[in-house]
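Two complexes come next, and they have one chain in common, chain A, joined by chain B in the first and chain C in the second.
Right after this comes the complex of A and B.
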């Protein structure tokens, strides 16, 4: 679009174009639109197409809905179940705990706030893989691994962390929580710092206690962030892959670490069945979409008026 | 605020949804990057899995030669680059008129196989040569095979080779891969522990003897007799192959749940739970860091693994230097097989090579000649697939493997040469393998939630259900 105009018109036209109220907005959103078209929409359409195919070099053919008929098998349900449990835990932990941290860090009596802020945030900068390797060592199977030593100190039995469903989930949720805590605290802090001190003073004058101040002054200010984080955490949870991968790589005992995306990877890439992988992807898309819409509806994000 | 929030949320929803759904592309990348940084410990069984967490490595050979044909080679084991480096140098000396420049690139196991699969699928970006691990090979034989048939070079010499090593990389009579080794499964005994227990290892002839010896070891020492893998297949597959059973029969039908297999799995389970002479390998498999440490400290008196595992002893179990003895496997019955061919990596020429003929010729030079088979032992410590070199003088020359173990390794190997059953690789081998790794061994050995019969039947059903068309 820019090009054609550029050809038949020199500088003058161009500057007029840049200042044009009609064109400029499109120009500004174009990087997003273009990257969306190529990096999201195109793969989406081709995955959709692939989900009806059996993809083999030189012999790709349409096989109707056969892939979708195979999707709903016990392994898939295991993956969905694992993922859902993971989503529930991460949403609870990653929305509530950071909120508490942020409120504490934002409190005027709190000392060393910068130090704590930094140390909570630093895990977000590490790669999951590096963190995962460390976590694997901490939660090793042997009695001398750190976590097991701690358990023994408290008088509990050492555990084989990576081999039972409950502890496996604990490992994955802990890793994710540890990593994203700092980022979420940062979101809350940003919102908290926008709350005018006047409101707190006014509340003090009215004789509000700490809880009342939190409920009626602080929380309304951070509620949008709360909704945003729970939505994002839900979506990220359903897309989780690395947290499981670092502990179990590509296959876990009894599939206790299998996630939906892990299942896509397993089927599409490792077992060379791209069509089936794509079909699982489409189903996952539907799940994320439905869950997110319900969530946004329940949290009131679709209401136009400001309460 | 509300409006912003709504926009923010819906934008991220759309992005996330598309990303999640574009799964095959997006998530694949995630996986690759992950592998790239992670260690390839649990990679699935080839002789190269578990070689620590090295990052990509690149070796270029023959750079300084003008007019050399440029080839690239992908592998997942840096040592293999070293082997090819030597081969290129030898080739360039021998054929100065047709020089070769080789760029050997090493990637983590999963990443290499995935990238190769995708580049062959999409028709661009593949190297000239690649190493494909045996349990992954089936993926590359589906559809129109994107690899170069190598019959022209293999057929004239196949009689000098353990020929089952070519059958595993063949489809419809075409051979596509050349292996590095036989992968003869052996028993590694820790002589020190065995002596302490009062057992003469040469008196162990059958598995019954082995169990008896194990009881003596457990009674008289702090060690267990052996370890079994719960996360991989190197305790199960060699044993059923030794008894000439397999996951699939020669027609490709699933026989995973046949009587022999059930009995064998019961035997493995009994070693742990009934006789209590074995324990599950620390870390779940014999390539785990935890296992290396355990074994190095004298945790177990013996280990069943293929010959190529020798290198692991040298690299990770220094304290066992001079203590380990290699012997054939105990027999199931008089006159039965005493070994099984396990693992393997076939080097292939892809159809994207610009000069596939030269590539194939070079590969034959690097893998099929006598000299190159001797190099397989010298450089890599593998039992070379060409058996007519096993007794040659060069093979007897001192090297670090003889120093660590003992001198008569190849005499033992020659003894069991004809006792290695073929294994049947099909398109569903990766599926069967996956069932073994994630369900069967776990539920029978670790959880004891299923009997061998139940676990194998369930696994066989799962594999059968994947037969399409």
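Right after this comes the complex of A and C.
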């Protein structure tokens, strides 16, 4: 595209800028371009660069792949394992349970839908820190704390929730599930609005049972949301830090609460080993990328048309 | 339809309502528990957790007396910091993100598709990968421990750009043309003609960005150093240690951090829901 218009005075140039349909969109998107260059692209390249360096104030040097060779150590494996278990649990709970909840809430015989919808949404308004504080009190270590009393009521042993691997994972998964359940239900509910009741009536006439109706009428309509939520939950799961921090701060017994991002924080910030922290980040990025691609492949998102 | 409900339908209906009453109770229990706990002796709470005895007895307002009576330490400073950061962030991010989304939806220009793909790409890259380089950048720019550093990564939020773009796709383009005929500048068309039509999307994004900022934790934890600069979540987290001596503020302060949000939610439910479920807007 060639500009042949003569521009004489600054004033004219200014008014041309303000009125030009061609230039305006570039001005409008310029904040994004600037932000992309300085706050995404530069740090992204810099993260790769740093991962091959020993970053010390004033004397940063390239050390080849030494950081990456150090990454694959037992602590990192623990972090990856914890994070993966957390991802699996949150993906299962936060995609399937809200689907069931939404189908029930959307049922024509359901009452007080608005009230229930609002109630389960409220946890999403809390910060992890505040929510985690109260979870720590509910799941306190003493025998008389609420959760332990409930356990004793049904004849089980009280637990020291924050001190064994299984219960620690339970706390983190429960906290995340509690906070995001309502939001995910709303995603499904929005998708369910697109299913016309006529389809159910038609299915009734054909003699379809409840499962067949779900499989052939309901699920196709909410499948895109199912794929979206499982992808988002997976990515957010691999990014998890706060749900662990609020229960364990930055160190947990035997690293039962250590996550990959927690490990980045420990090494990069607390030990000030930025190069190593960046290398962990790059490995995390690779993990997320591979998992997402596999997931999208399995859920059929790459297929052009469905059945 | 209601009149000739069969017995079976009534049973199903009652069963579903009963089930959801339990679910709603579970969802609300921690919030209720927090409010109740804030009226219990804070040191007992930390030692024994939330016990039935505390729930049932010894209600007192000493945690709130401490909070409002000048023993809050830096708490109110954290509150002000969070308010300032959230307010500025809402204004800045709405202004910039809406402009970008608007242009991506309603103009034809070279590179438009490419820029939109970049928006989606950034949406996919976890912030945690970028945080160490960004942190070193803040250090070298001398921005550590400033409001600006906390806000910077969120100002042009890809999720908001995406949301505004989807919203603008549904706006009538003809209005822009008539604005041009009337002699408006391109920015004038955006600000005076189109932006008023985007109000519902502004409301939804104000809530999303406000809430994100209000509850943001990891990034402020990195870039804020001094107690006086902390935001609420970072500040409250410092009280949550086994060696703390200010548990009263932890509980009353936590209540004060979430109750205003819940009250806002009750008034602006529609926009909260639109804001927090914005990721699912059809592409």
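For this structure, a couple of remarks:
Operating definition for what follows: the second predicted complex is superposed on the first by the 268 of 307 C-alpha atoms of A that agree within 3 Å, B and C clash if a C-alpha of one lies under 4 Å from a C-alpha of the other, contacts with A are read in each partner's own complex, and residues count from 1 in each chain.
The rule we apply is simple: contacts are C-beta pairs under 8 Å (C-beta built on N, C-alpha and C of every residue); 3 or more make two chains touch, one makes a residue touch a chain.
Keep in mind that what you see is a predicted model, and the values were worked out from it rather than measured.
Three-chain overlay on chain A, with chain B and chain C in a clash. By the touch criterion stated above, A:116 is placed in contact with chain C alone, chain B being left untouched. When both complexes are overlaid on chain A, the residue A:68 reaches neither chain B nor chain C. Once the two complexes are laid over each other on the shared chain, residue contacts for A:182 go to chain C alone; chain B is not touched.
In the superposition on chain A, contact is made by A:133 with both chain B and chain C. Once chain A of one complex is fitted onto chain A of the other, the partner contacts of A:254 are limited to chain B, with no touch recorded for chain C.
A simple residue count on chain A separates chain B from chain C, and the partner touching more is C.
In the overlay built on the shared chain, the residue A:239 is in contact with chain B and with chain C.
In the superposed model, A:170 makes contact with neither chain B nor chain C. Once chain A of one complex is fitted onto chain A of the other, the partner contacts of A:200 are absent, as it touches neither chain B nor chain C. Legend: residue contacts after superposition of the two complexes on their common chain; A:144 is shown touching chain C, with no touch to chain B. In the three-chain superposition, chain B clashes with chain C only at 221-229, the remaining stretches of 5-13, 203-211 or 221-229 being clear. On chain A, the surface touched by chain B in one complex and the surface touched by chain C in the other have residues 36, 40, 43-44, 47, 50, 55, 127-130, 132-133, 140-142, 228, 232, 235, 238-239, 241-242, 245-246, 249, 261, 264-265, 268-269, 274, 277-278, 281-282, 284-285, 288, 292 in common. Remark: chain A residues 36, 40-41, 43-44, 47, 50, 54-60, 66, 73, 127-130, 132-133, 140-142, 163, 224, 227-228, 231-232, 235-236, 238-239, 241-242, 245-246, 248-255, 261, 264-266, 268-272, 274, 277-278, 280-282, 284-285, 288-289, 292, 296, 301-304, 306 touch chain B in the complex.
By the touch rule above, chain C contacts chain A in their complex via residues 9, 12-13, 16-17, 19-20, 23-24, 27-28, 30-31, 33-34, 37, 45, 47-53, 55, 96, 99-100, 102-104, 107-110, 112, 115, 118-119, 122, 124-137, 152-153, 155-156, 161, 180, 185-187, 190, 211, 214-215, 217-218, 222, 232-233, 236-237, 240-241, 250-251, 254, 257-258, 261-262, 265-266, 269, 272-273, 276-277, 279-280. Within the complex formed with chain C, the residues of chain A that make contact are 1, 18-29, 31-36, 39-40, 42-44, 46-47, 50, 55, 101, 104-105, 107, 109-112, 115-116, 118-142, 144-146, 148-149, 178, 181-183, 186-187, 190-191, 225, 228, 232, 235, 238-239, 241-242, 245-246, 249, 261, 264-265, 268-269, 274, 277-278, 281-282, 284-285, 288, 292. Here chain B touches chain A in the complex through residues 1-2, 4-6, 8-10, 12-28, 30-31, 34, 37-39, 41-44, 53, 110, 114, 117-118, 120-121, 123, 139, 142-146, 230-231, 282-284, 290, 430-431, 434, 437-439, 442-443, 446-447, 465, 468, going by the rule given at the top.
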